[in-house]
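The letters A, B, C, D, E and F name the chains in turn, as written, and every chain counts its residues from 1.
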Amino acid sequence: MINHFLATWFSIETHKTVIVTGFMLRLTKIERTLTGIPGLDEMLGGGFTRGRVILVLGEPGAGKTIMCSQFLLNGIQKFGEKGLFVSLEENKQHYSDEMGTFGWDIAGVEKSGELTFIDASPIRSLSDEVQVGGMSIGKSDFSLVSLLEVIKNRALSTGVKRIVVDPISHLIFQFSDGPQRRKALLDLVEALAKTGATCLLASELREVGGTTRRLQLEEYLVHGVIILQSTSSGRSMERIIQVEKMRGASIERAPKPYRITENGIEVYPKESVI
Amino acid sequence: MINHFLATWFSIETHKTVIVTGFMLRLTKIERTLTGIPGLDEMLGGGFTRGRVILVLGEPGAGKTIMCSQFLLNGIQKFGEKGLFVSLEENKQHYSDEMGTFGWDIAGVEKSGELTFIDASPIRSLSDEVQVGGMSIGKSDFSLVSLLEVIKNRALSTGVKRIVVDPISHLIFQFSDGPQRRKALLDLVEALAKTGATCLLASELREVGGTTRRLQLEEYLVHGVIILQSTSSGRSMERIIQVEKMRGASIERAPKPYRITENGIEVYPKESVI
Amino acid sequence: MINHFLATWFSIETHKTVIVTGFMLRLTKIERTLTGIPGLDEMLGGGFTRGRVILVLGEPGAGKTIMCSQFLLNGIQKFGEKGLFVSLEENKQHYSDEMGTFGWDIAGVEKSGELTFIDASPIRSLSDEVQVGGMSIGKSDFSLVSLLEVIKNRALSTGVKRIVVDPISHLIFQFSDGPQRRKALLDLVEALAKTGATCLLASELREVGGTTRRLQLEEYLVHGVIILQSTSSGRSMERIIQVEKMRGASIERAPKPYRITENGIEVYPKESVI
Amino acid sequence: MINHFLATWFSIETHKTVIVTGFMLRLTKIERTLTGIPGLDEMLGGGFTRGRVILVLGEPGAGKTIMCSQFLLNGIQKFGEKGLFVSLEENKQHYSDEMGTFGWDIAGVEKSGELTFIDASPIRSLSDEVQVGGMSIGKSDFSLVSLLEVIKNRALSTGVKRIVVDPISHLIFQFSDGPQRRKALLDLVEALAKTGATCLLASELREVGGTTRRLQLEEYLVHGVIILQSTSSGRSMERIIQVEKMRGASIERAPKPYRITENGIEVYPKESVI
Amino acid sequence: MINHFLATWFSIETHKTVIVTGFMLRLTKIERTLTGIPGLDEMLGGGFTRGRVILVLGEPGAGKTIMCSQFLLNGIQKFGEKGLFVSLEENKQHYSDEMGTFGWDIAGVEKSGELTFIDASPIRSLSDEVQVGGMSIGKSDFSLVSLLEVIKNRALSTGVKRIVVDPISHLIFQFSDGPQRRKALLDLVEALAKTGATCLLASELREVGGTTRRLQLEEYLVHGVIILQSTSSGRSMERIIQVEKMRGASIERAPKPYRITENGIEVYPKESVI
Amino acid sequence: MINHFLATWFSIETHKTVIVTGFMLRLTKIERTLTGIPGLDEMLGGGFTRGRVILVLGEPGAGKTIMCSQFLLNGIQKFGEKGLFVSLEENKQHYSDEMGTFGWDIAGVEKSGELTFIDASPIRSLSDEVQVGGMSIGKSDFSLVSLLEVIKNRALSTGVKRIVVDPISHLIFQFSDGPQRRKALLDLVEALAKTGATCLLASELREVGGTTRRLQLEEYLVHGVIILQSTSSGRSMERIIQVEKMRGASIERAPKPYRITENGIEVYPKESVI
């Protein structure tokens, strides 16, 4: 299936990208999975590296949830890959409503079994009885450990190929101690990596508008990092996306403009940032 | 009721906004509630998303209390929505006096039962006997937990549709430990969200005048963020408002000028910031 | 009395200010009390809001003590309002000498009973026997609590209408823990607010010369903030004053020049800062 | 062997470098080992100083792993020096796949015994049973101490001359206390130094894009530091490499451009950074 | 004596300063004591305010010890005021040698009884037997408390009018806790103030070369602050002095150039900084 | 011996320096000891002040060890002063090799007894048996205290006149607590001062490339500070040296260029920095 799309995509790609993909085939075949997000696959040199954990880091309102959902829904609708959305913030109704504004039928794909939605928002405050994807988990059990168990079981039993966890900020800020935060995130990353699915983690950029950027804890633990920001160009603001790292892929690292349209996110890899 | 106003508002809106609202209707109907604040509803693409918790973050003197009150009073007077004002700083007399300077009759709407005022300022120092909306609460009971109970009960019994908590800084600075602060705020946000009302939280921008901004704890926990600041343009100062994020809404993210007039806040979404 | 001066002042004010004051009368009458400091009342839109606690934040040497004393003495000499000066730094002799350089007769107004001077400087080190306004307080009693008692009693028994506490830095830096500092300041602010007098707190700007400013703890707890700074314009330095916030008042927020003359502070609200 | 290559390299070098190498021979012979990375040996004034520990510090996505691997593989293929790769992040399969995209046959050189791969990634979370280069190490034993033992034993038994540890960030962030972090790193550096091999440590630049740089802990403990960064030049980004220090070598300290080509890293020591 | 010099000084002063001094005489006579340092008395509007504690804050190498010693020696030689030098860094021999390079005869004035030198440098490490001005103080007694006793006793018994403590950094950095540091400094300042002498404290500027300056702890506790810095003007460096605050005095606050000549420090209050 | 060289040096000096040295002779003779480093003695106004402890603070790769060694070897070869090198980082072989690249025969001067080398690098990790200059010190004894004993004994028994400790960073970072770090450094400085030798301490600049510099702990404890940095001038980098402070000496404080040549460091005090 992927090969089919790669083939299609090859034909529309620039010379440069073909070369890139070309030498990737020389010795090893790092499998890719296309995002289907217009322009993003080109920046990535052929989609995400399959089975790896990628961080989507962005300003408030940058469209992190939109990008992650688009990745999931394209997987379902274009590439035949089942998806799992682990929400640490919104409940299913709000999530479904928000995505519906882009014409995305969350309820539909969930009913068909192609999307699983886990409302893990209660983990934020560690209290109350929790409903996880229809399964009820007792208060005391609902720790990070059991969340990871639930994710792994779901991923394996339903054969999901794409997982989103949105946002991981809540996991980080529950701890004030650096090594503890790091341990919680690492456990999450490793549990996700073991599922074999391609995974996106959404997280907030802790500082906006500066020229110097202090690396965030979560960047050390993942295999790829995408950054979504805004920049002022004269009197208007422009959204910019940057692929900061992607292990095993030859990427375009220069920032490129993107927009949030009525169909979701669109990236313009041929335009330059002003 | 809302539909009526949305209709009215549609007719005066630009083409762009109509499209935005247009595709919102394609699949889901994220309900909106108009602020009635001139120009702000346009920036928000049709008012706040109903039932969500929104942060109004501003410099000292930026007009946070004015904007929040205007939202409440417009709710009462234009949209038939009852309001609740939870004050963590000013007592009723001071609040009423200050709002009176804009011609807003706090005493009147409170007498009519359309506005409920909770003086929760004693929670700042956690001492003395407390009068909460006419009901007396003993010293030891007046913790954050009981405040949340009072808010929920009031909201449900009186059917309020709009709630303001002003300012939340006091809840944050009572704790020196990050996770504790986060827990207190999260409890507040979740209690508010359960009321079904549209809620505004006022909070102070911790740093003014810089180009880099470090995200504040409270921004991670809410569904929308509005920022009120000043900027120097030549010899005068200009007030600017920015809608940083608003889940489920297609917003104008560029900063726009606003003024505090004798009728309250006015936003100028068609002007640009110098 | 105030009305008399307001009337006088009206006649010399600009059109804009009249309007401001005009709509203040529409519904409520937030009482004002004039500072009598040339130019400052105009920036404040008619003086301080009566009965509120205002912070005077300034660089070292900016004239905080001068401004606060001028407010007190004008109260006594022009507006018939008794004053109380709570000193956390200087003893009476030094204070009296320093103010005498502006021709202000501290000893005279104290003898007449119009000014009360409390030397609370021992609270800085919490030791030795303390003389408070002629009354002797034992070592162990002289805590913040007893200082607040003394202030309240004095204020009520002598009917003071204006209180100055100079500087509050000493109260803040006795504690290394944020919430403890905040509690001490909040106790002070609330005790002052209960006296019904209009109160000024002097405090040091913790950072000078920058473009970004981190809000200081004390700014969160007061009803108004005035900032006194210096700026370099070419080869000379210019003093600038800014009214950052003033609850219930329509203020001029742009920074304006001021000077320390032989008669005390003079503000130039019609000039602009270079 | 080295002499042979040095001779070759001499002939293509500039006058300046010849002099540099010239006086190095005056009294002592600090042995060098060529990296074989195009342009880098010239910047280093003749390769790395043999037997020393060098830090490769870079932004996310700067190509740290690529540079380190190129150093190892060139050692094997061009200079007859066996290599050891200690991975604290990727498992063998991922590493092998990623390097394969540059046409580098990790499996081949490992099979021939010229490269040893130690998957020490479990040390990141200190749990589970660990497979170290085919040898199984029990959970409780797999501490930093035993890792160092394994490295030393392997290095001695197989006679490796080049060692890479990638990345050391995981060793640093397991501790929140400065001296503890320092001790762990120092133990690593000293264990590596005792092997007599030339060693590269990969680590992340903690801050990107600034003009001021705060030294990182690991820089104090090594004998050489190379920094890989990006800089924006107009609309495109340029990668730059800087040799910050290299004990005993006369280096080019000005930053120079480099690229990641299909054959790995190429440095352009004759070009200047824009 | 002072009056005599003031009179002399009046005649050479500008019109502005005469006015300043003029109104100082209107009600109170804040006594001044001339430094005798060329140009500095003019910046200070007539010398230091007698009996107060003034901070001399400067970069390393700015000449803090030189300025303080010049103040002491001028007191002895020109104004008939005995001096006390409390050294927390240098022993008598080194101090004497260094001052001798300006032609200042420390040994001579000490022998004549006009200068007392206390070598309190052992307090830096709180160990060993200590020789304080010829008096031997046991190890355990030599705490800050006993140093303050010694200073007070000496000051009173010998009638010193000028005291220097150089540098106070050592008192500050012995404590890691803010309030403890503050307490130690406050004890010092109050002990000095009680002697009635005019006192200078030398301290290091913690940050050099920036445009923003964070106030240092010691600035909150003294009655005056003088800052000595360098600034680059084109290819040369210029030394600049600024009187930041001086309670009770009308000072020149703009920075002015100064130089360290063979006769000590000279200030140029009529020149401007480039 | 020194006088001889001073005489020689006088004749080649500028008028200004002669004057400087001139008035140094007026009252006291602060003895100097020439570094013999081309250009540096001129910047220092006649070499280091004999018997004092001077800090050489520099970026990584700035040549701190080179400068310190040059000072030692010139002492031996030109001024007849024995030297002691206390190494906290490199062992004798590495140090000797590195210095040999400048044609400096470490083994030779050590054999002749003119240089003593103490390998104190084990103090970095406080473990293992230690060889100190041929003398074996047991594990538990090798604390800072015993290192200081060894230094003092060696210095006295062999009559060394110049001591280098390189680098002191290791002593600082073994402690996380400020006052502890300070105590360790102070103990070192005082032990060195008691030997009567002129001492250099090498340390790393904690921040590079900025315009603001935060003073480092060690700067407060020494008698002189020299800073070695790089600056970008157009496309090349220039090395600059600055003598920040030198008690008792009249120094050139403006930064000057220096280079690392095949003969070691050369300073160009007559050139200006671009």
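By our rule, a residue touches a chain if its C-beta (ideal position, glycine included) is under 8 Å from a C-beta of that chain, and two chains touch if they have at least 3 such contacts.
Note that this is a predicted model, so its numbers are computed, not measured.
Student: Considering only chains that satisfy the touch condition with subunit A, which of them also satisfy it with subunit D?
Tutor: Expected: no chain.
Student: Where each step is a move between two chains that touch, what is the least number of such steps from subunit B to subunit F?
Tutor: 3
Student: Centre to centre, using CA atoms, which chain is the farthest one from subunit D?
Tutor: If we average the C-alpha coordinates per chain, C ends up farthest from subunit D.
Student: Same residues or different residues: which describes how subunit B and subunit C meet, taking over half shared numbers as same?
Tutor: Comparing the two copies, subunit B and subunit C contact each other through largely different residue numbers, since under half are shared.
Student: Rounded to the nearest whole Å, what is the centre-to-centre distance of subunit A and subunit E, using the mean of the C-alpha atoms as each centre?
Tutor: About 62 Å separates the centre of subunit A from that of subunit E.
Student: Would you kindly tell me how far, in whole Å, the mean C-alpha position of subunit F lies from that of subunit C?
Tutor: Their C-alpha centroids are separated by 54 Å.
Student: Could you please state the distance in Å, as a whole number, between where the Cα atoms of subunit D are centred and where those of subunit F are centred?
Tutor: So the centre of subunit D lies 31 Å away from the centre of subunit F.
Student: Find every residue in subunit A that makes contact with two or more other chains and list them.
Tutor: Expected reply: 211-212.
Student: Starting from subunit E and stepping next to subunit F, give every chain of the ring in the order they occur.
Tutor: Start: subunit E; next: subunit F; complete ring order: E, F, D, A, B, C.
Student: Going by the contact rule at the top, pick out the subunit A residues touching subunit D in the complex.
Tutor: Answer in residue numbers: 19-20, 23-24, 26-30, 177-179, 182-183, 186-187, 190, 211-215, 217, 219-220, 225, 243-248, 250-251, 253-254, 272-273.
Student: Per the contact definition, I'd like the list of subunit C residues that touch subunit E in the complex.
Tutor: 59-61, 65, 90, 94, 96-105, 124-125, 167, 169-170, 173-176, 204-212, 230, 235-237, 260, 262
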